[in-house]
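Chain IDs A, B and C follow the sequence of writing; residue 1 opens each chain.
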Amino acid sequence: MSLIAEDIRVFYGRREALRGVSLRAEPGEFTAIVGPNGSGKSTLLGALTASLPYAGRVTLNGREIDGLQPWELSSERAVLPQASRLAFPFTVLEVVRLGVQAGTAGDRPEVPMQALARVGLAHYAERTFQELSGGEAQRVMLARVLAQVWSPIEDGRPRWLLLDEPVSSLDIAHQLQVMEIARDFARAGGGVIAVMHDLNLTAMFADRVAVLAEGQRLAFGTPREVFSDGILSRAYGCDLRVSAPPPVGTPYILPHAATA
Amino acid sequence: MAVITDSFIPPRDRVARARALHGLLAAALLVACALSLQIGATDVRLTTLLAKLAQGQDLSQMERVVLFDIRLPRLAMGALVGAALAVSGAVMQGLFRNPLADPGIVGVGAGAGLGAILAIVLGGLLPLSLAGLVGPYLVPIAAFLGGWGGTLLLYKVATRHGRTSVATMLLAGIALAALAGALSGVMVYIADDNQLRDLTFWGLGSLAGASWAKVLAAGPLVMLALAASLTLGRGLNGLALGEATAAHIGIDVQRMKSIAILTVAGATGAAVAVAGGIGFIGIVVPHLLRLASGPDHRTLLPNAALLGATLLILADVIARVVIAPAELPIGIVTAVLGAPVFLWILLKRRGMVDL
Amino acid sequence: MFCKAGKSGGFAACSGLLLSIFGALVPLNVSAQQSTGVPTPHADVLSIGGSVTEIVVALGEQHRLKARDTTSSYPPEITALPDVGYIRALSPEGVLSVGPSLILSEEGAGPMEALDVIRAADVDFVEVPNALDAEGILRKIDVIGAALDVPDKASDLKDEVGQALASAIGDAERPEAEKKRVLFVLSTEGGKINASGTGTEADAIIRMAGGVNAVTEYDGYKQITDEAVGLAAPDVILMMKRGGNHGADDDSLFEMPAIRLTPAAQTRSVVRMDALLLLGFGPRTAEAVRDLNAAIYGEGA
């Protein structure tokens, strides 16, 4: 009951965007994927969600996703895209309901409002999605995704959240809110995989981190194992210093400006 | 196909409103039907017919012909064509995620137009035996085949490795329309005066050629397409979030696209074949319904069928009484009524929702 | 399967209701049609086509006309009759509403379905063959006279029209070398010249009036390239006297690059005639021949 990627390769034309990446994410954990722009983070997430053609094997809860129908996949995992544009003026609640219908909570009419409440937007239920700010829209989409896999464990099988830069357009308070929601989902037995830009948030919330660079996996482990001056500086190609300030000892990353 | 249960907390009142609208539109359709049977160039009236029937009196030859051979097939064809055009419009807009899309985009318009023009201009060149066989139905048949041909061609061009790119389809559609336009130009050049008139009238659309044979030919196809469209509601809702997300929430996007395109080609092809080019129903009807009860395709599609049928029947009533005993091409009526409504919608929505 | 019962209930109910209406009425229709009406004396006539209407009037039978089509505009008092529209796009109910027992129509009436329905209503439909010569005009009179059951009047009219045509055509005839080349211009829409080739009413009337059609390279009315107009070298431009672009004034006509260099432009020779008179091929065609001949060659010719 894990999400396992084995030797994933993805080509964009002739360019090999992923060069044999493997990853094993366990339910109950928050697994983060980090790396510089163009390192293949979103491409890897695309392969894990079967959104793009890839070579290799992806296994979700013991079944290879390649052979699964869209609706079989949709009841096991939900995917939050980087940005969402909605074609027609649906209301916020209608958008969230699109998620419920896809998942296993379809017979639970209270779920959409609970999901909206979870992201703090229950009072926006009747608004038109297009009226929302970028950050609000992002949180509504998170609510939609949560509604799809409302119970982290159903019938003894973990449900999965796959998030592509879930906090990219959020203010600091909502960044923390969304990361807490994701972590709580994992604590309750579900699996979370998130592509992350913010290394400090990642260090705070992730149980496991995969560092990608140039289409390859540079490191995989707990934040304390992975976030070292050497690995990060190599991955991002700039001088980064990691400290672990007491009392918690969570790694804290500071860029070291090249001063003349 | 997965079983989808639609139970949820009512949102504001949109679902309730869509359902109420459903009943309202069904009633409006019945009223339009009655009106269409009641009013015409002759003084034959549905009400007098009913009174006569109640008293067991016979109808005059004139009354029988007017009611059963003229108004009823016309009414049935109007309902079929209106429903087909409105639903096709709604499906296309959902598929292309663009509220301005119309069935013309999938090549059915260009193809059907070209088919009709070829039949009108070159029909006389057919071997006599064949001409005798298809006779007056040459133009509808050619329009239908042209519509299907155009759609299938675009579909093939836009489909690679089992995935249909709607953007490619849109661009290829523009190319196909240009090509069909050029071929039509050639036909216009070699057409004689009468054929040119026929081309013009065909392009404006009309229900004047309604007959039971046409109703029976177009009816099953349109009904099948309408039934198929009812299965598209959830898929088109999901597609509003984009193709990738639609797939993530469990929609078989490719399968849905195929059904949608075939539905539109079938419904529009049949409608255009029997009634010629009738504009604006496909754009105005879905817009009005989205304003009234939201964009949820599960209610939008059946409501579009009802409203499209109603509006086209009413437009036809106007077309045939306003300059009676002559009549206007119905395309003129729908354009004259539809264009201002369309502008009004655009002005009302300007700045509120990006198209 | 999709669970749709709740949503499509109204739709289903409505279409069901519609179907049952049709279902109830169609068999009724079939059984009703088995009792047919009685033959009619054709007191009420719908005339379709300008020349057909003119012939009916010339036969002295205008009191039987109940309605006309858009192209029937002569004699002027006829325009008071209801207009059933354009010959190729007739509305079946519109036609029936004027209550004809006989429809006299030029070739090409339609659509097919409308005619089928009209015939089903016990309305006789007589098609009058098109004509491009004197014989054809006489045949029209024959057909119409027979349909209206006035053979004697028809025979008188034929004599009259036949003699007038023979003398007009005879007077118009002149040696090949003296004949002027005439270009019939249907329209100058957008600066493009649409001109008559062979096989048209325009071609026929030009020849009957002692002229030569300047364009014989194609059949029918077509857009002609500017250079071909120069090669056609018309001595006279012939146009229809109607509104819109047909009435482009002489200055702008002769300013058109295609026409500027033709002999017609040098002498500013343009003839404008009423379309129905010129192209109708009815009882007034002898008059048209004389008028056109006089206009081409000058009154004294």
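Note that in this section contacts are C-beta pairs under 8 Å (C-beta built on N, C-alpha and C of every residue); 3 or more make two chains touch, one makes a residue touch a chain.
What you see is a predicted model; the values in this text were computed from it and never measured.
Draw the chains as dots and join the ones that touch; what shape do you get: line, ring, star, complete or other?
Shape of the chain contacts: a line, open at both ends.
Starting from the Cα centroid of chain B, hunt down the chain whose centroid lies farthest away.
A
Using Cα averages as centroids, what's the distance between chain A and chain C in whole Å?
75
Determine the centre-to-centre distance between chain A and chain B, using the mean Cα coordinates as centres, and give it in whole Å.
Distance between chain centres: 44 Å.
Take the average of all CA coordinates in chain B, do the same for chain C, and state the distance between these two points in whole angstrom.
About 34 Å, centre to centre.
Return the residues of chain A touching two or more other chains; collapse runs of consecutive numbers into ranges.
Residue numbers touching two or more other chains: none in chain A.
What are the residues of chain B that contact at least two other chains?
Residues 4-6, 234.
Spell out the part of chain C that touches chain B in their complex, as residue ranges.
Result: residues 1-4, 6-11, 13-14, 17-18, 21-22, 25-26, 28-29, 32-33, 35-37, 67, 70, 82-86, 88-98, 108, 111-114, 116-117, 120-122, 219-223 of chain C touch chain B.
Under the touch definition given earlier, write down the residues of chain B that touch chain C in their complex.
1, 3-6, 19, 22-23, 25-26, 29-30, 33, 40-43, 58-59, 61-62, 64-72, 76, 79, 135-136, 189, 192-194, 197-198, 201, 206, 208-214, 230-231, 233-234, 298-299, 302, 305-306, 320, 323-327, 329
Tell me, which parts of chain A touch chain B in their complex?
Chain A residues touching chain B: 49-51, 53, 69-75, 78-79, 81, 84-91, 93-95, 97-103, 106-107, 109-110, 112-113, 125-126, 128, 130, 148.
Considering only the defined contacts, which chain B positions touch chain A in the complex?
The touching residues are 2, 4-9, 11-12, 14, 94, 97-99, 161, 234, 237-242, 244-245, 247-253, 290, 294-296, 352-354.
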